[in-house]
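Let me begin by handing over the structure; questions about it come next.
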Amino acid sequence: MIKIEAIVRPERIGAVVDAMDAAGCGGYNYVNVTGRGKQQGIEVFTGRGASTTRRMALPKVLITTVIEDSKKEAVIAAIVAAARSGDEGNIGDGKIFVSHVAEVVRVRTGERDGDAL
Amino acid sequence: MAEANIAWMLVASALVLLMTPGLAFFYGGLVREKNVISTLMYSFVSLGVVSVVWVLWGYSLAFSGGNEFIGTFNALGLKGISFESGPDGAVPEAMIVIFQMMFAIITPALITGAFAERFKFSTYLVFLVVWITIVYVPIAHWVWYTDGMEGGISGWIYGIGAADFAGGTVVHINAGIAAIVAAAMVGRRRSIDKGIEPHNVPFVLLGAGLLWFGWFGFNAGSGLAADGVAINAFLVTNTAAAVAGLVWVIAEYQQAGKMSGVGFATGAVAGLVAITPASGSVGVMGSIGVGLGAGIITYLAVRMRHLLKVDDALEVFAVHGMGGIWGALATGIFAVGGLGMIDGEFGLFWANLRATLATIAYSGVMTIIILKALDVIPGLGLRAVEREEDNGLDVSFHGERAYVSDGAD
Amino acid sequence: MAEANIAWMLVASALVLLMTPGLAFFYGGLVREKNVISTLMYSFVSLGVVSVVWVLWGYSLAFSGGNEFIGTFNALGLKGISFESGPDGAVPEAMIVIFQMMFAIITPALITGAFAERFKFSTYLVFLVVWITIVYVPIAHWVWYTDGMEGGISGWIYGIGAADFAGGTVVHINAGIAAIVAAAMVGRRRSIDKGIEPHNVPFVLLGAGLLWFGWFGFNAGSGLAADGVAINAFLVTNTAAAVAGLVWVIAEYQQAGKMSGVGFATGAVAGLVAITPASGSVGVMGSIGVGLGAGIITYLAVRMRHLLKVDDALEVFAVHGMGGIWGALATGIFAVGGLGMIDGEFGLFWANLRATLATIAYSGVMTIIILKALDVIPGLGLRAVEREEDNGLDVSFHGERAYVSDGAD
Amino acid sequence: MAEANIAWMLVASALVLLMTPGLAFFYGGLVREKNVISTLMYSFVSLGVVSVVWVLWGYSLAFSGGNEFIGTFNALGLKGISFESGPDGAVPEAMIVIFQMMFAIITPALITGAFAERFKFSTYLVFLVVWITIVYVPIAHWVWYTDGMEGGISGWIYGIGAADFAGGTVVHINAGIAAIVAAAMVGRRRSIDKGIEPHNVPFVLLGAGLLWFGWFGFNAGSGLAADGVAINAFLVTNTAAAVAGLVWVIAEYQQAGKMSGVGFATGAVAGLVAITPASGSVGVMGSIGVGLGAGIITYLAVRMRHLLKVDDALEVFAVHGMGGIWGALATGIFAVGGLGMIDGEFGLFWANLRATLATIAYSGVMTIIILKALDVIPGLGLRAVEREEDNGLDVSFHGERAYVSDGAD
Amino acid sequence: MIKIEAIVRPERIGAVVDAMDAAGCGGYNYVNVTGRGKQQGIEVFTGRGASTTRRMALPKVLITTVIEDSKKEAVIAAIVAAARSGDEGNIGDGKIFVSHVAEVVRVRTGERDGDAL
Amino acid sequence: MIKIEAIVRPERIGAVVDAMDAAGCGGYNYVNVTGRGKQQGIEVFTGRGASTTRRMALPKVLITTVIEDSKKEAVIAAIVAAARSGDEGNIGDGKIFVSHVAEVVRVRTGERDGDAL
């Protein structure tokens, strides 16, 4: 089994999870993170309005799903399609990381691995 | 006696002022996290802009002489306004300037619920100045201006005998109509198809609590005196709010088996809206009728609005527009002579209907014209661009994020 | 003069109304995130239900004639209530209807702290109607009703010369006793063994601030006039709150080396509770005594309550019950003749002790009976089922989540 | 008439009381999440401590007889204070005790913005007692005390004809100077180099809303009567706040293309500060001038303060110090004779300048002395140790975390 | 060393960490996530009360602990026992994912791997 | 490629990300977690002030960065230096976990692995 971790824009989360559903993900979880990549950050005020600062790290959402190896490319393609903003994509659209998972357990039943997904 | 009335009206004015922050939180809680400062600021900045407009020319145009349709420039900068009490305990005109100012402040703030989460903030500042001057001020003149003399001059709606005790037409119908028009012109929010949950329900209830509290100033202050009329207005205001709030949660319970905080708050505000024009002329039993009707009508109005494509984000039309229209007509239905205020109920009903229609027509048409103009003027424009909307108006227009945690945030 | 009193009482009534939202936030901040809307709504919906009950039959049963024990149905729907001021500046009866209504609204809301995080919301609505009618109304009649005539009729507690200026027995002891009884009957919350931290301390302090502010209406309004008695009530109210708040944080500092925000807020509320019955009859030095006693007694009461198995979640019994009992007795101890209100202090002490015991007995027994009945009536029942409680009452009963972030939430 | 004035002053006092919770939220929203309870408690506990100091000895020392420089101990514990109204509707002295108490409560709370996020809470309690007694009380005596008799005794600043209607010197300049001095002595916060974002902007706006609301009591109550002077004060207060709030957001827009919520709130408060001494003597056009000046001056003052090494965390000096100084001088510039209050404007300007300089000197020097003393007294000390500051003062001094989520938090 | 990531119901977090302690976990960290698996979601109001929507993703807590390989089964058993709701378990009780960790460093001392746990 | 997950004190986050930048991290994301290791926890009030409890788990920040294998030691050294509190370090300063990442995808362009970092 593999774990796919995708970091996407917060406003894309709805579209991304729908695409993942369609691509056959049995489950997922997501969390708000603060992240920084090539994106330039945003200007924010600090110190009661009289000065601004560049906040480099921006709000993103990290979605994690564990799937069977066979679904990997389908899920990646689904996420990429749904997470891209505009036609060309923009800096800050996100990254996807894939890693191996050794075992999965379903708490309810104690089932393991493939059966637990 | 004048001193007692002044004492009460100072407080009533402060109470109405507090309604604008109250509204800010009511609305602010209903939007998404990324737009809460924007939504709060639509209301707060009205405290800034309209206060200034009002003392410079707004009050003068609305309330200093003139003809049936509009006042004059005689009291620009409040020139010549008296601080002396009149006969029979009448409060000084300056007191009325203040009290009326608070109504002018909250009215455009009410509208903002319709175009929340997408209206461009700098354009909104211009909108405030223009809309107050050419929409709000004339309607206020029509409904409330009178020189008090036998056969003297008064606004034309006042002249036909319509009764709007505390601002059902001037404030609520006016704002409700402007709201639905604005929502249609600004367009739907991006990505609202899944339904947006309010980001902070406690703020909604905080706002509702402050509105309920402040509304006693709004309605019980509108007689400009601390007397039996004020007491009656206070009582019926509270009763209508209570009834309409209950109607909403009961309706929700019928429909979904739950009673939401947002629903109770919305219903209570709808009751407050509906009782506003009626609070000087209905009794406590009448106010139960007003509240029942307000609850049912606005609940259905919200459901029907969901069928439209118009994205009146915070249901301003359903709550203030429909609630206000119901209140104006209900005033005719439930008014009682007992308090020595109103006699002919049937005439009142028709007068209020005419007042309502006039307000709808004028507010609707003028708001369309204003927004069209603002849309095409270079450098203005009504709507945030896509990226600004996606990132949230807080960051885009205000350079702030509402909530920042330590560490990550 | 009547106008001045009306001016003050309109405001005082609005201030007391604001206490209910204040209480909502005070309590709402103390619970877990998943139950905050539920906790807010217990208070807010009392604004809805009790307002209606009060104007329909509550006021009539409590204050329109009758015998020593209960009023009549003569003023159902406020029939015949006068909006005219009485002699010597007495405010119109309608003003008293309003002011008293605010007390009726907040009393059951106070109780809800005891069974927060687990009481079934739909049953609570029924509880509100029943409890106000058969517990609150009679006690209010006993303590406050008088026809004002020499040898006329008054409530029996009033008759024995007990002094409850602003509602120590009717509101606080009554609510405190009902609270501990209800907590015992509803049972302990699931999984509270590790100790629950308040989910939003700023809300607790916001609520405490609004309560402190509103309590000036509660106490200084209870003389129904803007006079020296009101000024004294205002002063002693503030002083007792200040002292009791300080006692709490000092006690915490002794015990744990910290001074908590929740502790200060709790202590201040305890001081406000205790001064309530006394605020018409003690001077400023007496109020320091009342505040000191209130701080110490309620702090110890909370500690002792922790040893019990009864899960009075927000310490309503300790703060309002014990604080109220202390206040009732302290009124006898610290009352001064100087303000021309009270003479015989010893007699007062005993009268207040009897009033306290009667309130405890009646409120306790009747609340048990009511809850037992609600528990067994099909379709009602007191408590959320396990799953509802685990998921949180907000989602289970109100279909809402209090805080929703953008993106994940 | 006295009753009407009492009615108003009871409310005005309650309004000013509410400013302290308002300030708490204004400040609390501006700090980091880990210090919000601490910041709230600096204000809330002043309600506790100063209320007690005031009734025990503060009022007596400030307002009961004495000489040009200080009062007496004659009214310790409010002994002998009258609850009877005076001639011509003058409110009872006890009413003034209360109203003045509210000013004494908020003044040290204002200072806390300077040393927020690092001042030791237990030392702060001692600071409150000492600072009120030897800094606030004398200045209040100088500026406001008069026995009212021809050729009688009054505070020396009162004697030279300075006009501080509602506390520009006593409250704002005093607090602003103490603030900058305290910030310098306590030292900079650890790790502020990246700029700290406010953790909760809605709280900042909530606080600003409550301050604006309460400030009507502060200024319009300072004439101690419900009359034309109060109405004027109300009007100019609102106008100055509106103008200065707008100046701030416009300035930000020029500079950064954004209009922040914190900026509007800060500007509005600066306008309220500046109009405070002037609100009894300027008209509405003058108040626009006061507001414009206040906005510009405080905006520049904040920018300049950022160049200093002094970490006045929440810009108390810029807003209250500079805003207050501008207000004192502007009173001389914009005062009008029309309201029958002030005649010689030039003399007034110089008198107010002297009053300002005296306040600066006394407050600055005495605050240094007090803080030095507290720093060296064993067991006290001004500042949290590193670990306490890193963990946040909420956990370190109050044993609480402001926000606790279900599950992880 | 292995990393165990367990997604459980929020109300179970206290019981789960106690069980992990007892099973010999030296440390852990947890964070609130929003997740979706087989559970059906909950009804919530949207749009001012007049309509409801089904919120598919629900609040969960993700607990992460890094342990020596030998403790794996003990810790999994402890989590499963503590996280299961009711006797039979219910849908939504959670999942456990196991993966490999290559290295561990203790910041305070710079110790590595086994010593750092 | 490898993933570095570092748990540090919240007040250190600014210093740590600066150090990571300097050590050549191309991106990172972080999230607040609640954690427990050897640190003793803190006293907090519970139950309305009258009693205190020891809260064992404390706020921490979890920073995650995916980097090329070659940067591993540099980044670890940078994090350790920046995250340590005081000269000696203190209990609770944090932990670093290193694990393998199989694949990386950049959403914007679809680039993979090394190119995507």
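Going in written order, the chains are labelled A, B, C, D, E and F, and every chain counts its residues from 1.
Following the convention adopted for this analysis, a residue touches a chain if its C-beta (ideal position, glycine included) is under 8 Å from a C-beta of that chain, and two chains touch if they have at least 3 such contacts.
Because the structure is predicted, anything quoted here is derived from the model rather than measured.
A.B. asks: Give the chains in contact with both chain B and chain C, ordered by label.
C.D. replies: A, D, E, F
A.B. asks: Comparing each of D-F, C-F or A-D with A-B, which pair has over half of its contact pairs in common by residue number?
C.D. replies: Most of the contact pairs in A-B are shared with D-F.
A.B. asks: Quick one: report the Å distance separating chain B from chain F, using the average Cα coordinate of each chain.
C.D. replies: Taking the mean C-alpha position of each chain, the two centres sit 50 Å apart.
A.B. asks: Distance from the CA centroid of chain C to that of chain D, rounded to the nearest Å?
C.D. replies: The answer is 33 Å.
A.B. asks: Using mean CA coordinates as chain centres, what's the chain C-chain E distance in Å?
C.D. replies: 43
A.B. asks: Of all the residues in chain F, which ones touch at least 2 other chains?
C.D. replies: Within chain F, residues 10-11, 30-34, 43-45, 52, 60, 99-100 contact more than one other chain.
A.B. asks: Residue numbers in chain B touching 2 or more other chains?
C.D. replies: 3-4, 7-8, 11, 34, 194, 197, 200, 206, 252, 256, 258, 260, 262, 399-401, 405-406, 408-409
A.B. asks: Mapping chain-to-chain touches, which pattern fits: line, ring, star, complete or other?
C.D. replies: complete
A.B. asks: Which positions of chain F touch chain A when the two form their complex?
C.D. replies: For this pair, the touching residues of chain F are 3, 17, 26-31, 66, 99-110, 116.
A.B. asks: Using the touch definition from the top, list the residues of chain E that touch chain B in their complex.
C.D. replies: 43-53, 55
A.B. asks: For chain A, which residues count as touching chain F in their complex?
C.D. replies: Against chain F, chain A makes touches at 2, 6-8, 31-38, 57, 60, 62, 76, 79-80, 83-84, 88-91, 93-100.
A.B. asks: Which part of chain D faces chain E closely enough to touch in the complex?
C.D. replies: It comes out as residues 405-409.
A.B. asks: If you look only at chain A, which of its residues touch chain C in the complex?
C.D. replies: Going by the criterion above, the answer is residues 10-11, 13, 30-32, 59-61.
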